[in-house]
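Below you'll find the structures, each written out as structure tokens.
Both complexes below contain chain A, partnered by chain B and then by chain C.
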Partner chain A sequence: MNRSPDYQGIVSDRDILITVITNIIGVLTLTSPRVVAEVTNSSDGWITVLLGGIIASLCGWFIAKIASSFPNQSFLTYTSYLLSKPVAIVMTLIFSLQFFMTTVFYVRELAALSHQYLFDHTPQEIISLTFLFVVIYAVSGSQAGIFRLNVLFFPILVVGLFLVIFLSIGLIDWEGFLPLFQTDFEGYLKGTYFSVVNMLGFAIVFFYIGLVKNPRNTPKMTAYGVLVTMGFNLVIYLVCVGVFGNTTMRNMFFPTFDLSRTVEIPGGFFERFDAFLFLFWTIIFFTTATMALDVTVMTLRMVFRNFKKINAVIMLSPIIYFTSMVPKSYLDVVSFNRLLGHFTIIYFLLVTILLGIAFKIKGGNSSE
Partner chain B sequence: MNKLNAMLILVMCTLILAACWDQIEIEERAFIFGMAIDAADKTEVKLTQQLVVPENMATVAANAGGGGKAYRNLSSTGKTIYEINLDLAKQASRSIDSTHLGVILVSEDIMKQPGRFKEHFDVFFREKRMRRGIKLAVTNGLAEDLLYVEAEHEKIPAEYIKNLLENKKRLDVTDLVRIGDIDEKLYEETSFPLPYLKKISSTVIDYEGIAIYNGKEERMVGVLKGDDAKALSYIRGLKNNGSINTEIDGGPMTIEILTIKRKITLTNNDPNNLQFSIKIQIKGAIADQSGWENLKEYEVLNKFYKKTSEKIEEMVKNTINKLQNDFQTDAMGLGEYLNRYYPKIWKEVQDEWDNGKNYFSKSDIDCEVKIVIEEPGSINKTTSK
Partner chain C sequence: MRRFYRKVPRKNSTNKHQNSINTQHTQNDINGIQQEINVQQCQCNPQFQQNQKAQHIQGTRNNLNNENVGSQHSQDYQHTQSSIQSNQNIQFQQSIQCQCHLKNHQLQNQTQTQNHNQSQDNVQSQNQKTSQNQSPSLKQNGNANSNATQTNNQNVSMEIHVPIYKKMNNNIEFIRRLLGNPDDLVIRELTLETFNDNHENEQGDCPSSRSGHDDGNLPIQTLSDPENNDSKINQLNIIDERPLEKAKQKKQKIHCSILYLSGLSNTNIINDNILKTLQRKTNEFNGDILDQIYQEIIAVTETKRVNTLEQVVHALLSGRSIFLIDGKMTALDMGTAGSEKRALDEPQSEALIRGPRLAFIESIETNLTLIRRELKDPNLRFKMHEVGRRSKQKIAVCYVEGIVNPDILDEVNRRLKTIDIDFAPDSGVIEQWIEDSFLSPFPQLLDTERPDRVSYNLMQGKVAILVDGSPFALIAPISFVDAFLTIEDFSQRWIIATSMRLLRYFSMFIALFLPGLYVALISFHPGMLPTQLTISIAATREGGPLPAIVEVLLMAVTFEILQEASIRLPKVIGQTVGIVGGIVIGDVAVSAGIVGPALVIVTSLTAMSSFTIPNYSMSIGLRILRFIFVIAASIFGLYGIILVLIMICIHIVNLKSMGTPYSGPFAPYFIDALKNTFIRAPIMTLKKRPPYLEPIDDQKVNSGGQRQ
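And then the complex of A and B:
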């Protein structure tokens, strides 16, 4: 691989932990309480969020284990070793496509959301473009910069989530959690499925572990990262159920965002708190979109080695922009996201299982 | 080449960053604080909006002589609230901003026509600028009249009404005033109580009672007034303070209520003959007595307990009777209780809970009041008799 000298070992275990958290918390955090509530009754969704989180963290641990058995090797290199070169190339390219689509979705969703809650007249096209420019700027530099940004934004993210949660606690109807355990088996199954889809963001460790200098603890860190995120999701879900109740929540498009609209802080200036939280959500979208684009570029460059990074970014960005403008109505965006979710989880499981089996047979190769 | 790139980027920046499409200077915004919805005719509604006039809000000493009203009421009629709102924006000659909307008043007239309240209320949940903390009240007579009531201490009538609805020192009020709470009830078609306001004079508005809204019939079925309204608060376990008056040995007595706790249990779970028992526990303090009762005696205290709990029981029974027979509407939250604790029974009865077969009216509701007086006040008695 032609790597620049600073390519290896730029990421620490702590960075992986934070990156996993910031990558999972994204647009889906806004909608997931609703998606879970749609298939469960009353407040039973907490079980599915918990189960989903545990499954996701096991998966995360497992793929990080595989990836970290090949320290400082790229995804393409170790999958070629495990599953032969042509398979590895196809796999990598499908991942590029998937992360490309994720970026597209984020670029569009940010515009749609800010249009829904903030702006009346500003065209979505302009909001998307501006957002995309910032994402491109972050991606076109060194990857170390992205990790720095993640670490930098992490406290903001935590503070923002805590604000959403704590300010709403007073509005919770504690009896609203009853009755317990009213969902049938199918509901739990579906709910768990959606919870896992919601947390698939940890799949980035497939690609980023290659950058960790000494990835002995990385699997553990990945699992912790997923578990921490699951904790946030669980609390957000419970607060949403407590404040809105199951039926109202099914009826809302972005329950987590509506939570911040429900909060009222006395005093004129902060009476409307949602505008400030929008800032925080934008940052969250930004980190996820940045990483998605970065992985797209990274996977593409694994296959097409002679591509310069900046050229790849500049070639991709107009395609991202135009693709993001393809969906016309909000429903198109929603179905696009649903398809992307299904695709992501199926493909992810396929890759994990294939790699897992091959890894069992061939074993790791720590010294190339 | 680099310079050219930099130039290009700068040019792009000016394009993107120069103007904000949604920029509206704060001076050009007209903030709505209150809205009143009245029926104009069978299909159209009349919407009155109370806009703030910020110039007249500040109380500057030098400005003592001048200064007009701090509010401006505009109204128009139309088919939907949103459409009227756009119409009013033209009249206002400013851009109307509903982000600080605090109160929505709906006239009795609209509430009593089946389905009308619901069909006009969608916009308040959907519109992005609406908060779920907006307060909702039903008015006796025209709703817009209340937006003209100028209390001496508040410059804006809508603010006055909002504070009135937030009052926690009385019992003949409801706990449900936020539209966020009502969203859920409307969606699930459960019945609920709403504050019922009346214009008393040109400077005073007060609660007339509690309006009862039937979720299945989608209309307001009646009003509980006075003691009935208070009794509903006991049943719902309102977290307010209040008072209760009785007579003891021919003299008046008032007990200040500190906390109310309510507990419902289901004693018979045959859907056709549900039996509920409501236990109400009240903690109170003696606020006022005839003057000659010796509060140091247990005997006297027990007499107080007995009298007040009898009085409350009577009030509560009266109200239950009214809700079951006159209104046939469960505003007590029994359906909610069943849903939460006995989901299986609720599934059987929920479709005809307070309409049709009306399981609610058929059920037996028993109530028991327990009262504890925690504080006697500073003195024992006023006369030494």
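And then the complex of A and C:
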């Protein structure tokens, strides 16, 4: 996609760092302690989270390195250069599909979460629809606006996470950690795998590096972003294990969210803290869903150049809505998410390896 | 903006037609004057022909006439142009227009009777030219259009050259008729004695009037060129006879007059510095009388020469006075403007405890002085614009060269040039013309009546816009947080100032969310409040017939009505409103069982919180948003509130103020700027100007503790 000069360089390195963090922290942050706990024993999950984080940050650094060798070029352009045009088009379209599905998942997931914790009676369809409207409104704006939105919500996200973590520290049962290193090798492997899946949100740098003004430091920033998120995940995991213990956590759906239900805010004004934290999570879901939809629109418009952004958004939105309503029960949503996770990591590895090999052979062309 | 801009020419061309058809009245009036003038000119010629200097005179006459022809045509041409540009008073347009039509016919007759074969051809050819020039502009061909828009870009205040007539009485009559013979037009006629003869004067005038035309556009020159050639031939004859003229100097009485509009002008200056000095003048004049008066007699510093009646009328309407001399085609425009002004006063809408207590007033000159008095920087610049087709108001763009980002400055100037209105009653009108999004509830330019706030913002690298007739200056570009800062933050120590700022942000959240939260908590999530509180609130609402949302809306609307009423009411009755609103409605509504006492707390707390916002425009914007929160909360509870909050955030990040992001220092995260927005760091550490403005000179001069 040939960008007009206005669109170039609207993003700074720091924005990428923040965007990576806000994009990775999402629904999976809520569930990941459970997923990890399912395959590990005692508190051993921290090793898998750590390993997963390091692997993910290496991957992030690597793809950002590839992408930043082609400053101000779109994913399609440099992939066409490295591989070939048809392959690049297919790849881009599969990415659109993947991010489209991510949006669908978030739209549905938010309704499910709110149904469970906030409203019992309000129909999920309405919740999803209103959420989707807000996401559409955000995506219809400028891309620079989306980045600013991420930056604007970043402090809210950090404050929300810190609240969850710090308020629960007093409830930690330190004995829950204790028998260390009880997990077998397969458990570690699976745990690491899930941790990496959890962190795959950094794949957006493939697409957004084209907007970065001077992408020299972007690989480093991407890696930092992933590491910071890994830090959050690690602490959240440890707190969850400390508070609930491994066995309890296996049976909780959203351990991170349940953490906030156990918390009592001193002062006694708010009886239930979780409803307020739900607001934080709405914002967190919103940023991730917005980025996903934006990438979908962006990748589609790379292939179909004459597509106006607003038209693309308007055409996609009903499809997103109806697709999100397809799974009948929440279990279907969960299995859908698991499939999406497997698909994402396999496809991501495939693309990374292909691009990596081609990059080694052809090298970057930083001079356009 | 561009779109509006394009529309202008079309509207006006139709206007012009309508005017020329509908207002026969004025046309006839001015036709009358024109005929008079022409008859006089025609009559003059035979008289002079009998004179010795006949040929000379005739030469200059012809020259003049021909030049008039040229200028009339150029007027015609320019008129079509200017009507496209439409900066002119419509009445004035009419007068010139009919003048032009008339002239075209008359000139043909005149030239035929005078047997000027050569010039007749010229005139005819010019008529053709004019019609050619006129027709495309009427048809609105692209050419004329683009031409017009180009000139409009370059020169906002376009001038039509109706030269000042030689006969002073004609000028006065013209001005009188144009202004509708007003009572406040003061005309003081005088008689001066001179040694000089008329012909020298004419000679002296010719170049000036010609140069006046040459100042105009190129087409004029090409139109009047043939005439000039013609006149040059005549002038050749004259030179031989000059010695004869010089010998014929004699004492002459010259009529002149001072014109001004009483009330707009300072009569003392006119009496003391113009009239008195003129009357005291004992020795006679030699040489160019106008020049001598200008140099020696008029004791007004701001004096200049004007050549067109349009300038004369504009000067009169601006309160300046005009000095006309019979037989001169140049007038003096003297700066005697001085109407009544309001005294400098304390700011009414931005009061503060500690800090300067000076506010702008309605006069732009005074306001500019107030700024200059605070900033004695030679780089302080005032770029003047004119706005209002009929009001001709001045607008000043203030900035400090070397600090301001030139891109922002260009953008401000460009937008100001697109303004096309009759009259701007306040800077708020200008604000709405040039703001980025007219759908936004947030002000995208900051209005302030404090000169110190303007100076402070100029130092930040921003641009201030002052409008004549408005005591509110506009500051651009701003970010969301700018509306929450006061200049007093810098007067207090930083810990206190920071606390005050945080308090203001907190109260902004209360003003926005509290009614919505009340609705959400009462109707959706009663479990979130402590059980005791929930029970006690429920108990007070026990007998209430209304659901929470209706209660809240009722009270909120009541409060808005009270607030609006207290603004409109005279100050004396204002206190009554406080009693009626605060005590009667609040207390009685509760005891009547219509609303719960908790809601009265919520409403009053919300109201008080919204008053902590230092900027009124922002405060009313948030008042509107509060209702949206209430409605969203009544549908979706907390979830609705958070969705609306996200939507407002989306709106803010996409909003721009003069092309810079409105989310300002928050969203493109500039930590340095946060030091002076969210908190107020110690003044010694505030060393940089806001980076999102990308100022040229980003380092403040800061040697600790000085007021900036």
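A few notes on this one:
To be clear about the criterion, the second predicted complex is superposed on the first by the 361 of 368 C-alpha atoms of A that agree within 3 Å, B and C clash if a C-alpha of one lies under 4 Å from a C-alpha of the other, contacts with A are read in each partner's own complex, and residues count from 1 in each chain.
Throughout what follows, a contact is a pair of C-beta atoms (placed from the backbone, for glycine too) under 8 Å apart; a residue touches a chain by one contact, two chains touch by 3 or more.
Since this is a predicted model, take the numbers as computed values, not measurements.
Looking at the shared chain after the overlay, A:L149 reaches chain C, while chain B stays out of its contact range.
In the superposition on chain A, contact of A:T130 is made with both chain B and chain C. Contact with chain B, but none with chain C, is seen for A:F244 once the two complexes are overlaid on the shared chain. In the overlay built on the shared chain, the residue A:N217 is in contact with neither chain B nor chain C. In the superposed model, A:F119 lies in contact with both chain B and chain C. In the superposed pair of complexes, A:E175 makes contact with chain B only, with no contact to chain C. Contacts of A:T262 after superposition on the shared chain: chain B is touched, whereas chain C is not.
Within chain A, the residues touching chain B in one complex and chain C in the other are 118-119, 122, 130, 271-272.
Those residues of chain A lying in contact with chain B across their complex are 42, 116-123, 126, 129-130, 133, 175-176, 178-179, 182, 243-245, 247-248, 251, 258, 261-262, 264, 271-272. The residues of chain C lying in touch with chain A in their complex are 524-525, 527-531, 533, 636-643, 646-647, 649-650, 652-654, 661, 663, 666-669. Within the complex formed with chain A, the chain B residues making contact are 16, 20-22, 99-100, 128, 131-133, 180, 183-184, 187-188, 339-343. Against chain C, the residues of chain A that register as touching in their complex are 12, 14-15, 18, 114, 118-119, 122, 127, 130-131, 134, 137-138, 141-142, 144-146, 148-149, 151-153, 268-272, 275-276, 278-279, 282-283, 286.
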